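Before I ask anything, here is the structure I am working with.
Letters A, B, C and D mark the chains as written, and numbering starts fresh at 1 in each.
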Amino acid sequence: MTATSSRPSADDPRITLDQELGIFEPVPPYPPRTEREAEFYTLGDGQMFINMGPQHPSTHGVLRLVLKLEGEQVVDLDPVVGYLHRGVEKLCENADYHHTISQVDPLEYISALFNEWAPVMAYEKLLDVEVPRRAEYIRVLSAELNRIASHALFMGWMALDLGGLTPILWSFIERDEIVEMLGALTGQRMLFNYFRIGGVNGDLNHDFMSRLGDWMTRATDQIEANLTLLNTNEIFVRRMRGLGTIDGQTALQMCWTGPNLRATGLPFDIRRAHPFSVYQELDFDIPTRIEGDCLARYLLRLDEIKQSLRIIDQCLHRMPDGPIMAKLPRLIRPRPGRAYAAVESPRGQYAAYAISDGTDQPFRLRIHDPSFIHLQSVGQLVQGQLIADTMAVMASLDPVMGGVDK
Amino acid sequence: MSFIPGLGLAKGMALTLRRFFEPKATIRYPEVRADVSPKFRGRLQLLYDEWGALKCETCFQCAQACPIECIDMGGIDTKGRYHVHWGPPEQYAERREESALRRSGRTVPDRAYEHFEQLDMSPVEAILDDHDYDPKRMLSILEAVQAVYGYLPVAALKQISFRSGAYYALIYGTASYYGHLRLDPPRDAGQARVAASARPDESVYLASLGAALDGRGAAAGAVH
Amino acid sequence: MDRVFRRRLEARLGPKLTGPVRQRHDETEIRIGAAGVTDVLRTLHDDPEFRFTFLADLAGVDTGTVMQVVYHLWSDVTPDWLRVIADGLSRDDPRVPSVTFLWQGAEWQEREAYDMFGITFEGNRDLRRIYMPPEYTSFPLRKDFYLPDDAARSPGAGIRHMEQVHVPRSAPPATSIRRIRA
Amino acid sequence: MTFVARTWNRLTIPGRVLLGLFLLGGLLTGALIALIIFSEPILELLGANLPLVRFVGAATVVLLMTIPTAFLIIYMEMKIIALMNLRLGPDRVGPFGSLLSVVHGLKVLMKEDFTPTGADAPVFTLAPVVTYLASVMTLLVIPFAPGLFGQDMNIALLYFFAISGLGVVGLLMGGWSSFNKYSLLGGLRSAAQVISYEVPLVLSVVGLLILAGTMSLNQLVLNQAGWFTDWYIWQQPLGFLIFFIAATAEANRTPFDLTEADSEIVAGFATEYSGMRFGFFFFAEYVNVFIVSALTVTLFFGGWNAPFPFPEIALAFDPGSLGIALLILVAVVPVVGTLILAMPFYLLRSSMPFWQALVIGFVLFNIVAVAAVLGWAFVSLEWVAGLLWFMLKTYTFVFIFVWMRGTLPRVRIDQLMGFAWKWLLPASLLNLFVTAGAVVLVRELGA
């Protein structure tokens, strides 16, 4: 591959410093490489480009959206990702199996336990290890707590992108309690590095259990109370209803998963569709909504919080006794093979595909991130809507750029 | 949404007004410390035991295990002979000076050793080439080197580190772990195919040390 | 492991498979050539006997000798994940038909595979780099990329130990690649 | 010059302070003497141009008043929203963090005043001034208290709407000259929004004007004297509702703060502004909140009138009649009061040393004395009572604005415009017609 143009990109620091300061246009300084690019970067009559990001108050990370506008109306949209690309997959190929767990931890940093879970499950399949049941229950318990934290934060973001100042702070209070709790369990508040190949890093302790018990008694009431601010708010509901609507078949075609897919009426949840861990033994519902718009996606996550609370309750009641780690050598060398493992993260199917070549480093570790998949359909959802709705639709899909950019 | 327009708004306003009077969640940090659980791993501090001795034994295991190479450690080996380093390699050009390289465990041309060991490195190069420069085969590399020199000269270890990319601390650890590898020359120097050159007199040593400490060799002339 | 499903696969797709159907844990693996991708995936997607309506993952793999594109599919007819490996793509010019006609959401995943491995997906309307900057010239997840390639022009070249090439300078490039028996 | 500098440098610190005080005292004395000597011609000159003097004085006072007002409202906003968010908000600078907004103001002053490449520099510089002046000038006609207003115009309301409408010109100038698409969108949004909401805003007041028969704000307030049932809110509830909503939009407050919707168009027209030019926009916004609240109070809530006729307390006691005893009282009362107030603490708490009791007594005496003076002023000076009532009501509305900002999300631009033209405008017309009909009916029946 050679560069298609002698003109350098605007990202090159040497060039931007030497050249005189000009006006930055989002149009790339080289001829278009694909049909889609050519089509997008051709302006029609009365249209203009506007560059939303990578520094923008509400893009959920370093995402750049090039909007093609007609007045305030969005004609088309081109998400430009990669500002946060760290090459985690390559790093994992050069790291020990144990090291990769902490390498993938900061991908979807809002729900880091799920990031660990998928690769760990894949490695366990490669190694043919059976995880002790107590470890599985602890995994489910902590992961569901993490899911609630993630959904609570989503609620605040959603409101913040619609201009509400208060819910984000309330949900941060909610999240902070959970995160402190997980900190007592795992030793860290955000990037837990807790799941290990064959089990978990530490058993349930008194600090965690007392915090959890304290929180469980008032969690439902507290979350419900927080929600009355938005759920019946006319301004909020009017803005969200019918916005960014997608039907089930299209969503399936766009490879959507998770709450976003379930909001279109398809009850697809990896926890039931392809059960992993001990979810088969637990009793919970898969909430669905049929509208497929932003409001449905928002409300669905609230239903999921309630189901997660149910799961946590059952986990606490059924928690078996026993070891929390399988017996494994310190240095693991799985025999050559391939394994695919998927978990249901708060954003959808989070999967890992690991290939072993018999050494102590994975030959290839592919991370499948749901945010990445959801983000690519923003363009379809906001066509013909207003700028303000771009942010609302983005927020309702709940992408995390750390996961998108890997 | 309710049937009465504005009822949702009113409910929300009532809720915020109620929260206005509720107890606050803020922790006033310097006066009040958050309740950190005993398992919390985020404390960046070295622990002391009850007699006031540092608990860290400089075993380098934490630095070796750190997946993102953020732990930087240095220490003297147990016999007080060699300085061992383990830490993150520096990434920026302006920090590729000697001291930064030394801190990062990279080998740097160390003039203090030049007069001790004028080693012919070509056997080391040949051995490394045979072993594909593979740090995983370090033991056999070291054995081969010892077979050539009779012992493991520090300069050869540094050369191995430089060529193979393995940390010097790792190589040193391997070399000092195995009983059949030795870091000092054997009693009868005749075994060695390439012997260390004769020990120079004191002034040359001091001059070279001064040059090394100065880093740029400016003071070397002054000593002479 | 779903033995019945395996027999159904062998019966339906038999001639198109380039290797035996393998099963391990909850995964069923079939291998096809690049030419068969369109047919096989369409059959799997449309056939009422299979109904693989959900594309779980699309990944590129560099085995060191050949390139592969790996599809993971989900269906309600089997409890297994179905792994379809489009095998035997040449490392010099890997080409495979795009599956965006079945799953539009595969577009970005194919872009990612193109960006990381240089696999050309014929029929993808927007096959440009997605993570790396547009003027980047190499493919980072290939096995002959030692993290020195383009980074070697960066100020930190040769400093990180992972950028070191543990290879004799005289060795031919083909021997230096970490390889797996695919 | 070097001599002066050297002498100054040789002085000790207390010496410098003393010298400075000495020089200042000399200057002031000289000025006072000059004033006394030339007092007659100066007074004559001022007396000859009394309206002009009054106007200049009022403008200066109003201009100076906006700064602490803006500081206070910014502090209120930070603190109230924080408390609603279940956090503490500012609590480090000053008591309860009350000086934080002052610090913000200083910070804004010290920041670099940056003009982006490609901006239309003169317009870019002028825009904040226009916006700020427009909001400050409207303060001139607001009656704060009996006799305390800049100008009692007979078309005060018209003047108010005309001048406050000028503010949008500043926003538009800022949006256009910034050479930024976000700024442009913000400026255009604000133009569209303010023009749309100007119509229901003015129409909602017309009904009230029919009732009152005057456009002088002072007269409007006087009309509402008496019990709180005499306020116009009871006769014009719909008008008040429309006025309040439209005024929220006029002041660019949540939920109608689309011009600076940070989650959509960064900061709207103010995106490229920094330093004090941004400060002017910022201050203008908060002065606008005050003005809108003040106007709401003036029109619908009786202005500076107390909610009930305050009983006249005649102060039979004239301090001037005491003569020399007044001086003695002034000398004796603080000492005696402090001692009396300190006594219970000293006597009832045996652990307390006497000096601590004295300090407590002194503080208590100060509080009592200030309260007494204020109470005396409230009772005997009409404008103090009026100002207090006016500020109380106005800041209640400021609180409501802040409360709304803490609660509500933002509406969308098409919903905003639709709401103005489809709901508010018909409603205000309805209000106008019903009021007019009722007035005619009452007049016919009464006649």
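Going forward, a residue touches a chain if its C-beta (ideal position, glycine included) is under 8 Å from a C-beta of that chain, and two chains touch if they have at least 3 such contacts.
Note that this is a predicted model, so its numbers are computed, not measured.
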Chain whose mean Cα position lies farthest from chain C: D
Chain centroid nearest the full-protein CA centroid: A
Contact-richer chain pair [A-D vs B-D]: A-D
Distance between chain centroids, defined by C-alpha means - chain A, chain D (Å): 47
Chain B-chain D separation of Cα centroids, rounded to whole Å: 63
Centre-to-centre distance between chain C and chain B (centres being mean Cα positions), rounded to whole Å: 38
Rounded Å distance, chain C centre to chain D centre (Cα mean): 67
Contacts with 2+ other chains: residues of chain B: 9, 12, 15-16, 19, 25
Per-residue overlap in chain D, given as positions that touch at least 2 other chains: 84-87, 406-408
Chain B - residues contacting chain A, complex: 1-2, 5-9, 11-12, 15-16, 19, 25, 35-42, 65, 67-68
List of chain C residues in touch with chain A within their complex: 24-27, 29, 53-57, 59, 61-62, 70, 72, 74, 76, 79, 81, 83, 102-109, 112, 116, 118, 125-135, 137-138, 140-141, 145, 147, 162, 178-181
Chain A-facing residues of chain D, complex: 81, 84-87, 117-118, 179, 181-182, 185, 189, 254-255, 257-258, 261-266, 405-415
Chain C contact footprint on chain A (complex, rising order): 1-3, 8-9, 11-12, 28, 30, 33-37, 81-82, 85, 87, 89-90, 93-94, 125, 252-257, 268, 273-274, 336-340, 342, 349, 351, 353, 355, 357, 363-364, 366, 368, 372-373, 375-377, 405-406
Complex interface listing, chain A residues touching chain D: 21, 23, 48, 50, 56-58, 72, 159-166, 169-170, 173, 229-230, 233, 235-236, 238-239, 386-391
